[in-house]
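Labels A, B, C and D are assigned to the chains in the order they are written; within every chain, residues are numbered from 1.
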Amino acid sequence: MDYRRDIPLAITFIVGVIAVLDYYTTFESVTNTFTVIKNWGVVLQAFALGLGAVNLFRIHGKRISERTRDDWMFSGWLLLMLVLFVVVGLGTGQYDASTSYQWIYNSLFLPLGATMYSSLAFYMAYGSYKVLRARNFEAALLFITAVLVIIGNTPIFPATFPVFFHIREWIFGPIVSGAYRGIRIGVGIGAVVLGIRTLVGLETGYLGRR
Amino acid sequence: MVSLDPQVWIAAFLTIAATSYAFRDNRVFKLAENTFIGVAAGHQIVMGVKNIRDYGWSHLAQGEMIYIVVFLLGVLLYARYSKEYYWLYRYPIAFLVGNGVGISIRAGIHSDFIVQIAQTATPLVASDAMGTINNIITFVGVITALSHFIFTYESVHQGTLGWGPKIGRWMILLALGASFGNTVMTRFGMYQGRVVFLLREWLQII
Amino acid sequence: MSIWEKLTSIPREVIMGLVVIAILIPALNPLGLPLMVGSMSENWYDTVDSLPAGSIVLFDIGYGSGGYPSLGPGNIAAFHQMFAKNLRIVMMATALEGSMMYPLIMAGVKPESNYGAVYGEDYIFLGYIAGGQTAMAGVLGDLKSLVSSDYNGNPISGYSIMDNVGGADDIDLVAYMTTSGDTAEGWVYQAYSQYNRALLGGCLSMMTTSIKPYYDSGQLLGIMDGIKGAADLEFLTGHPGDAIVSSDILSFTQTLVLIFILVGNVAFWMQKGGGK
Amino acid sequence: MAILTPNRLVPLAAFILAWVATYMAIQMGKQGKIKIRRMPALDAIEEIVGRSVEMGRPVFDIIGMGTFTDIYATQTIAGLSILSYVSTLCARLGAKLYAPQASVDVLPVATEIVRESYRLEGKEDEIDIAEQMPYLSGTQFAWASGIIGMAARMRPAGNIMIGPFWAESMMFAESFDRIGAMQIGGTARMYQIPFFAALCDYVLIGEEMFAAGAYVSGDPQQIGSIAAQDWYKLAALALGIIGALLATAGVTIIGDLLSM
């Protein structure tokens, strides 16, 4: 019994089986045990939230100390921003409910998160122009429904020609429902089988180094 | 009349900085990028500590001493950074993986597999002609798309049977096109929100 | 360089500049086009409309800054309908930034002044709960064994809305809005499969195709299909907002995309067809 | 009081059968009784690594931002199998591999896999893990910008993106296309498959990625589980076809059976 590997694998198996029993049986004791596991899981996930920051301190701290790359000042700025949020968030004792934390969130995080995500619109426009080609039969299939759905989503066209609205609704009927149900069945069973291998310890990537 | 609120000015600057990348990579974008990385990690810590307080410490304060074990497991997550004791981090990760995988696949077999087959095993003929045609197209779509994902039976991909996976790939590509089309709307629907912010709250001209 | 080669190599900056223009024109002078409501949005609206007053809704703010421009307006419209129907909303957030969206959404809805709603009686916000599906299963399984204080840190026992909300059996409808696939599928697993709750899902429109099988099989009773669904809900609830404003901008920008696709392909084919 | 939760007998049976099928299939995999058909996208991986050697430009292998504890852990694992195959090819043919990382708990595993590949090829000195497998960021867009910045600097000849991807897939596909890189995209995250299908030279749709992971790794476990999944898909096909025909004839036995 190698306590470095076998005990963690046993933990994964036991916790996983309890989760499954909680779903498929009605034993009170199983449900209560899994309630404890769920409540513990929330706390552990909360602890895991700090891992990203520790990693950033290790990487960017090294960059600053070694001044290796020319952008070490950006690393300094990054850690400063990180500390700013932590100090304001924890300092007020109200965390995300404090107005000063909301102030720095709405000034810094919200515009960046909203714009980074949406600036993909430019990539979409450029991608549609440069790369979305009906180069062969298969690409043409994707191309036809893409164009018909874009037309259906452009309010000016369905407003003037209602047929475009109904074409889009129809594409989202049988075409999307049929193929995506087939894909979802395949992905669903794929995830289950690989999940089973993880629970029984055949898939141990998550344990990290040998 | 332009806004005088510093919060709006900072947000406007970062909105433009984050957009600038689409035109050309530049140092102002790099500043925005590193701000983004930093504040995101900072926010994770703030929310992590709050959750530890609300869902961990609150139990300890009520006398549930077992939560000391939970806190210990939580700290062990950080053992991964030690050369010698990295294996200790496997205990909490094993708990999270067992919980995460178990809670997901137990229902996955139900709603992603059984329910979807039951939905396929429904009458093809509907009350009206269009309904019947739609049911048949959906049915052909499910069956052929599924046959496309058979990997260990070469026979399914040969001869007349081979038309199944071939048509399946075509149906999948048609459906992917619909998804691509919807994504164009997603991106523009989001970015217009930023332009409205710049015009309405920053420059206040609409 | 032939005309066709030129047409396939318009510089990036020109393309991007045209996109900015196509956004600014309608933003500066809206057209106000009529709106055709999709069936998925109509089902969302009807599902909420069919609930008797006082029903408990568990609502997950499962998105953050990344989804705010399109899901924010939809969230506001959905809350307008729920408060107007005197439903009692227990809000939570499975997204890390969900709790930062809460003050912004409340500023848009103003439940106190618009509907006389009282925090702690008509609605409550439990804040962000880590763990994704673990948080969902935790709240639906045994809420009070997990949660003891609300977003502001006050004990939930002091709020009358939480008196008889202990888990899934006390919840009449679960609704979520999210940009994350884990959350969209996770609620189907934890709310519908495990506890057979009525479930509504709002997502980015790029996600709609892949959660549609859940809608077809009745696991999702309605879908808010991104900004288009948000505009539908704003229209149905009679609270026009940012989503309807966006429709005009979508008309211009997506027409531009269609032109780009046309130009790109025509030039591609002409070049390929010896039009050198 | 029933021991088993009502209306879940069939999913429970299907779940238990899945454990049995997985175990049996893996045994058959070990005995070499299972053969996975070869996907065209896999030939492309060798073509890409060869192309990058000829052009003297690096090749990127991006396994995405997944972790081992999220719902997409299975895709990260398949991405790691492909990474192992790609890094072996790169070590053998002498191509320069870049595999930037985004997840703190996947990073040690990925670096271990690449180091192992180079060690098996006797080329351990040709790989600089810190420079070629940097941790960029755990945040989506910082991760995307980091990759695009690296790509702009390294100007790779090929880009292999197999694993769980989110909205950044569009940015990658478009940016690498602009640099003229040959691309393979593969993900089972359904929202992102359309981009890879529209913008990449080869695409692994949905679970073709799991099959590719099993094929390249030759690991009897992965091959066995692909077979177990095929058995379930064949069962779904049979039940779906028979069920629909019977239901059309008014006999709803299959539908009723499945909701027992």
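Definition applied: a contact is a pair of C-beta atoms (placed from the backbone, for glycine too) under 8 Å apart; a residue touches a chain by one contact, two chains touch by 3 or more.
All values reported here derive from a predicted model rather than from experimental measurement.
Participant: Could you name all chains that are in contact with chain C and with chain D at the same time?
Facilitator: Both chain C and chain D are touched by A, B, going by the contact rule given at the top.
Participant: Which pair wins on C-beta contacts, A-D or A-B?
Facilitator: A-B
Participant: Grab the C-alpha centre of each chain and report whichever is closest to the global C-alpha centre.
Facilitator: B
Participant: Where the centres are mean C-alpha positions, what is the separation of chain A from chain C, in Å?
Facilitator: About 16 Å, centre to centre.
Participant: Just give me the whole-number Å value for how far the CA centre of chain A lies from that of chain B.
Facilitator: 4
Participant: Identify all positions of chain A at which a residue touches two or more other chains, and write them in rising order.
Facilitator: Residues 20, 23-24, 38-39, 41-43, 45-46, 48-49, 51-52, 54, 56, 96, 105-106, 109-114, 116-118, 120-124, 126, 128, 130, 132, 139, 142-143, 146-147, 150, 153, 172, 176-177, 180-181, 183-187, 189, 191-192, 195-196, 198, 206, 208-209.
Participant: What residues in chain D touch two or more of the other chains?
Facilitator: 8, 11, 15, 18, 68-71, 73, 104-105, 108, 137-141, 145, 167, 170, 178, 190-191, 194-195, 197-198, 205-207, 232-233, 236
Participant: Which positions in chain C are in touch with at least two other chains?
Facilitator: 12, 16, 66-69, 96-97, 99-100, 127-130, 132-134, 137, 146, 153, 185-186, 194, 204-206, 208-210, 213, 216, 228, 250, 253-254, 257
Participant: Quick one: label the inter-chain contact graph as line, ring, star, complete or other.
Facilitator: If you draw each chain as a dot and join those that touch, every dot ends up joined to every other.
Participant: Inside the complex, what are the residues of chain C that reach chain D?
Facilitator: Checking each residue of chain C against chain D gives 12, 66, 132-133, 181-182, 185-186, 204, 206-207, 209-210.
Participant: Residue numbers of chain B touching chain C in their complex, please.
Facilitator: 22-24, 43-44, 47-48, 50-51, 54-55, 58, 62, 99-100, 103-104, 107-108, 110-112, 115-116, 118-119, 175, 178-179, 182-186, 188-196, 199, 205-206
Participant: Hey, which residues of chain D end up touching chain A in the complex?
Facilitator: Listed in rising order, the residues of chain D that touch chain A are 1-5, 8, 11-12, 15, 18-19, 21-22, 26, 68-69, 71, 73-74, 76-77, 80, 104-106, 108-109, 112, 134-135, 137-141, 144-145, 167, 170-171, 173-175, 177-178, 188, 190, 194-195, 197-199, 205-207, 210, 221, 225, 228-229, 232-233, 236.
Participant: In the complex formed with chain C, which residues of chain A make contact?
Facilitator: Contacts found on chain A: 23, 31, 34-35, 38-39, 41-43, 45-46, 49, 94, 96-97, 102, 105-106, 109-114, 116-118, 121-122, 124-126, 128-130, 132-135, 143, 147, 150-151, 153-156, 158-159, 162, 165, 169, 172, 176-177, 180-181, 183-184.
Participant: Tell me, which parts of chain C touch chain B in their complex?
Facilitator: Counting only chain C, the residues touching chain B are 12-13, 16, 20, 23-24, 27-28, 66-70, 72, 96-97, 99-100, 127-130, 132-134, 137, 146-149, 153, 185-186, 188-190, 192-194, 204-206, 208-210, 213-214, 216-217, 219, 225-228, 242, 245-246, 249-250, 253-254, 257.
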